[in-house]
Amino acid sequence: MENAFTINQLNLKYGEKKALDQITMDIPKNQITALIGPSGCGKSTLLRTLNRMNDLIDNVRIDGDIRYEEQDIFAKEYDVINLRTKVGMVFQKPNPFPMSIFDNIAYGPRCQGIKDRKVLQEIVERSLINAALYDEVKDRLKESAKELSGGQQQRLCIARAIAMEPDVILMDEPTSALDPIATAKIEDLILELKKKYTIVIVTHNMQQAARISDNTAFLLMGELIEYDKTDIIFSNPKETKTEEYITGRFG
Amino acid sequence: GTEDTTTATTSSFDQTSLIKVYTRDTTSGTREAFFKGIGFSDAVEDNALLVSGYIEVDGNGSMISSVEGDEYGIGYISLSSLEDSGLTGLSFEGVEATEANVLNDTYNLKRPFMYMTRSDWTGMETEEAIVEAFVAYMSTVDGKATIANNSGILETSTSDQLWDDIKDNYDVCSLNNENVTIRFGGSTSVEKIAKALSAEFSAKCGNFIADHNHTGSGDAYKRVQGSESDGANYLHIGFASRSFSTETEVGADGTYGQMCWDAVVVVVNADNNVITNITAEQVKKIYAGEITTWSQLA
Amino acid sequence: MKSRKRFITDKIYQSLITLISLIGLVILIAVFVFVFNKGSSLLSWDLLTGDYYSTVYDGYYDSELTTNLFVAPDDLDSDTYFSTRWGIALKDDLDREGHDYILIVYVDTESPLANLPDKNNEGEMVYMASGQSLDKIIFSDNTIMLSSKGAEAAISQFESATGIKDIMFTTAGKGIRGSLITTMYLIILTLIVALPIGILTAIYLHEFAPKNNKLVNILRRMVEMLTGVPSIIFGLLGAAVFIPIVSTVTGTEGGNLISGSLTLAVIILPVIISSTEETLKTIPDEYRQASLALGATKSQTTFKVILKSSAPGILSAVLLSIGRIIGESAALIYAIGTSIKDEIIVTERSTSLAVHIWSVMSGETPNFELASAISIIILLVVFVMNLSVKMIVKKISY
Amino acid sequence: MKFPIFKIWDVKKKNRFFDKLTYTGLLIPTILSASFVVLIILFITERGVAPFLPSQYGDLSVNFLRFMTGTTWYISPNIYGIFFIVINTLYVVFLSALLAVPVSVFTALFIAKMTPKPISGFFQTVVELLAAIPSIVFGVFGLGVITDVVKKIATVFGMQTAGGISALSTVLVLAIMIMPTVTLLSITAIKAVNRDMENNSLALGATKIQTLFKVTLVSAKSGIFAGIILGIGRALGEATAVSMVAGNAGTGPDFNIFNTTRTLTSTMLLGLKETTGLDYDIRFSVGVVLIIVIIVTNLLLNAAKKRIGKFS
Amino acid sequence: MENAFTINQLNLKYGEKKALDQITMDIPKNQITALIGPSGCGKSTLLRTLNRMNDLIDNVRIDGDIRYEEQDIFAKEYDVINLRTKVGMVFQKPNPFPMSIFDNIAYGPRCQGIKDRKVLQEIVERSLINAALYDEVKDRLKESAKELSGGQQQRLCIARAIAMEPDVILMDEPTSALDPIATAKIEDLILELKKKYTIVIVTHNMQQAARISDNTAFLLMGELIEYDKTDIIFSNPKETKTEEYITGRFG
């Protein structure tokens, strides 16, 4: 099985505070990998490291390495912008730009220099269809994206990521701000997307992880406690800490 | 309070009140004429000699509105603005402030309005010719009439010539000067006269453009011959509401002269029913703080 | 019990706030009322669109005066004087700047004055008409009529005159069109200069500059210090620096619209920088992250997303700046000068409405009325700008 | 299915290049903006220092110590004392802030929180318009209305003012002039307060007024203070209107609000255009002092603001 | 069993939009009542009506009645301020005031006119202890409340409500912004508080409702579909709509 990412001995510090501690794991292609763990354990940090969004934070120091498609993403000459077009990201809170729905989705391609209106139209439509949003918004592509409901906004953000034709999509608690019905739609969508994309998802929701992911990694205080097939983690974890967390009263 | 309120408040004038003394700032030509005229030359540039609590104002206009608002105030303004001011002008040493009395030298609070032209006209020959004609125009019957019409005080004589009589000496005026700009400036006190003169003279001299930028007497010399004469704000002709300083404002011979006189008149509020005449001695004492209440003058 | 006491103190405080704020508002509105009260009588379309300089007509009359007597029209006021020999009616009046002048009320169509040879252009004619102002006449006998002596004296001189060597009369003038146009130019030019510099500076300071960098902090401090500089000092800077620079470049001389705009641009720079920075602060980081995560470069992120989202905030900064530009006088007196013009050329002198007010107020006799009338116009301009900016903001904010 | 479009490497290179350009490109306007203050300071200190240099004015040069401590402005030929002017300026500005701040803050509260929308919109527009009135108009208003009021007030106290021209009139004119600025910034700050926080207070059984004072104002104080700083800056730098009603007293300091006063700006403005030589240059020295006063006041106020804003 | 609130035929409109439709229900004293339902069904609206926080929104029209301790809370002479001191409220997002921890909790009592430092000290301590926060903050009562973590801030908000000695505490998704560990603490706290207070809680989290509440009301589009003991709602709902919602794949 091919890997999208190979993470090796990754350490990350925010100033003096250690946030990731010797993480070593592979993230397989075209599967859904879930990151779980209590708040502050480093899930988001790990996720953001994969497309180097941590670069934007001051005082971050990283060592160890991450290879994406065999290339060291921390290498000096490595093209971060390019990495980010290949590794898309969806955030916890839906954050459409204050523009029309169309412009939101066309944003990424436009940044890449695509100007042809027809091509853009095609990209936007296909992305919306793939994000299962097309039917709901097809008549109002010119309207502000801010007028959509929360769930629709989040699907819009996914469509926006898809429009870049990435290989990987990173998702940081994509449904935690949504109501159950919207959550269901997004989960369906994620399962659908898995056919084409590698997906890494952070979630607080144990059941969500169990429902949709192929592999699950459990982090605790910056350390990777256990990483395995999802059914093994949830039915038969090797570490007691994992078991304690999974069987905790939280859902 | 303006004229209409006088009768209502006259009776309320309290003679025991302190006299409030208004003066222009130390740079003012009016101030210079005033203090020199009352024999208190030291006070021209020395605020410390003045009664404490004096009020310093920034122009003829402020002086008018200030004394207009203070029934116990005393100040001095240009005679030309007395009529419209709503203030009471006092006779000085028994002599009424009139044009005739200025000219016959019985009224001694006065100041000259001066002009000065450039001395270096390199590259501005047309302008030079026009300004030369303008200066000549100021002493014609026509020009003097206009100066007088705008409150300048001057003597006319039967020997004055008409512009018609001398205009042939100034060829430049028979040309079309619509593209020539003449830059006037200097004293704001002279602005009204200068504008009236330039407007009508332009009609008589090929419709040159008159550009007026009046910023103060100090700029007259500075911008025609002094430090700024080659600067951005240079002038072709500048005006001053005082004599040019014999030390710092020495213009080239023949480039300056007097246009007319302006009288300074001591003014009090229209509600003031205490005095109509004042002596140099009295004013000096008031400004020096030796006379402090109106009752001392009654 | 307690609740009742609280209710009462609450009401007391509430009335106190209402009272004090109403006092504040009443005072502010009183400024309005004062300005309108003083200025509204002078307000007219003519004031707004008229030339400042009056056109001077210079004519003469050397023919034989016909002995016909003219008849006064019957609708003349009692303070109007009529010359039966010349067929002209005059009256004393005040011009827009508050100076005395003689208003020509009526000129009989048959009057010789209605049709005079032009003194300075042979073969041409000048035409006296009602509404003009009569300035000065030199009669054939060298007696002189001066407008300062009043209409009654003028008419009596007319009645005994036989011919006119020189008669000068003018159109009304004192309009503020030139200053109004200059003000508009100043607004546009100033914003063209200051907006890009200000916005780019704000972007640099907020988006690009390294955090906690000493040098950046110093730059920021220096920009902030600009806010504290009194405008009169900006004016001196304009006169000493911008006027010479512009003069050298354009080859024209003296203060001009461009040097004025540059000076104003420096004045409003801190306003634009700080308001833009404030706006940038309110833009959620999520936009930046979302854009970067889509593979946009930082400059793309800044110019396509951040700047666009901050447009409403920047527009209000523009509004503030316009207020400042319109209201500024102290600086402009030095940086552009006080000459009032009718034809506005950007490389030459002319002056703004605020300086126009200053000139009106600092002359020999201050004229509250005209100053107030111009202020009303300023207020109207600001009001219109205010409404349009608010409308634009509504339109562009998603 | 892939879109056949991302092969445009040159575009990417262009983007990258443009990005680099932006970094340096943006530094230029920033340095330009910052440089003006240097230009100004150099320019006015160059002139402002001249009066103290024997090399420039020889025997006439002004004694710096006497300049800084003096209590009389201008005795010919070279005695200028600025000490009392600084004190008077600070005094007048302090009093005007004392008056303007509560009124402005209450007005802002009233507009932002206590009136229905159309009315508050109207009032806000009024305040916005006033912020754009040329200062000379406030001077005219001061001379036409305020001095009259002050004259009457003084009579009540048995004092005689110079037709109302006095420190009090100056204070009132300045207060009115800075009110729009302070009010507008306060409105912005108050409107920015999180509604949830106010709801929380109400849910705790606080009354609306208690909420306004204890939560809304407390949360907005940092923004309000920024407005106050701006207002005070404006008051310190205001020249035209002040010189019309201050009376320009020649000596001081004087704390009687019914007496005339003199501020740094009115000193600079007075006769600036008529004067030459030493008397001209000394006005730049006043300008230097004024800038220093403004900067120091600003620093102090900003430090105070930091302390006030501690919890927000 | 005594009731804290008796709601009868309650209708509420925001402008033209109907948000609550003929709600009739009793809320028993000293129990936990949960309001569940999909987003936009009117849970928050109903909750806010109980302490008349809706008064603050323009355009709200209410008819029907709510009785709190036998009194009609919409009656003209009814003292709203007093109602709000008896019926406290905790919001979704923790939002402490920009003051010290101490001042935050003393805020309500002070508004009631309590000034005595000693009394306030006592109230603050007791409230913090009851809100299970005392040990974590006892050494820094003078520090800004903004410096606490999210979960601590929410407990502070609860402490602030408790400080008023209310009878009822309304909670609108009090844990939705928190991580599982903080959530667990708050849930423990709610169960503890039940002994003294009547609690009404809105939650998206079905399991949370099941875990902590005594009664559950299910709302849908402004209507009260079903209202019963929690175990009945979750094990044996009468309405198919309720069942569909409960047994949805969400949890």
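Chains here go by letter, A, B, C, D and E, matching the order in which they are written, and residues are numbered from 1 within each.
By definition in this document, a residue touches a chain if its C-beta (ideal position, glycine included) is under 8 Å from a C-beta of that chain, and two chains touch if they have at least 3 such contacts.
Quick caveat: nothing in here was measured; it's all calculated off a predicted structure.
Touching subunit A and subunit C together: D, E. Counting only chains that touch, the fewest steps needed to get from subunit A to subunit B is 2. Taking the mean of each chain's C-alpha atoms as its centre, the chain lying closest to the overall protein C-alpha centroid is D.
Taking each chain's centre as the mean of its CA atoms, A is the chain most distant from subunit D. Remark: subunit B and subunit C have CA centroids separated by 27 Å (rounded to whole angstrom).
Subunit B and subunit E have centres, each the mean of its CA atoms, that are 81 Å apart. One finds 47 Å separating the Cα centroids of subunit D and subunit E.
Mean C-alpha position of subunit B lies 36 Å from that of subunit D. Subunit E has residues 81-82, 112 in contact with two or more other chains. Under the contact definition stated at the top, the residues of subunit B that touch 2 or more other chains are 58, 62, 65, 215. Across the assembly, subunit D contributes 15-16, 207, 210, 269, 272 as residues in contact with two or more other chains.
According to the touch criterion at the top of this document, the contacting chain pairs are A-C, A-D, A-E, B-C, B-D, C-D, C-E, D-E.
If you check the complex, the residues on subunit D that touch subunit A are 2-3, 5-6, 8, 11-12, 14-16.
Considering their complex, residues 81-82, 85, 109, 111-114, 119, 122-123, 126, 165 of subunit A touch subunit D. Those residues of subunit A that touch subunit E in the shared complex are 38-40, 150, 179-184, 204-205, 207, 211, 248-251.
Taken in their complex, subunit C has these residues touching subunit A: 211, 284, 286-297, 300, 304-305, 308-309, 397-398. The part of subunit E that touches subunit D in the complex is made up of residues 51, 53, 56, 81-82, 84-85, 88-89, 91, 93, 95, 97-100, 107-108, 110-112, 144-146, 157, 160-161, 164.
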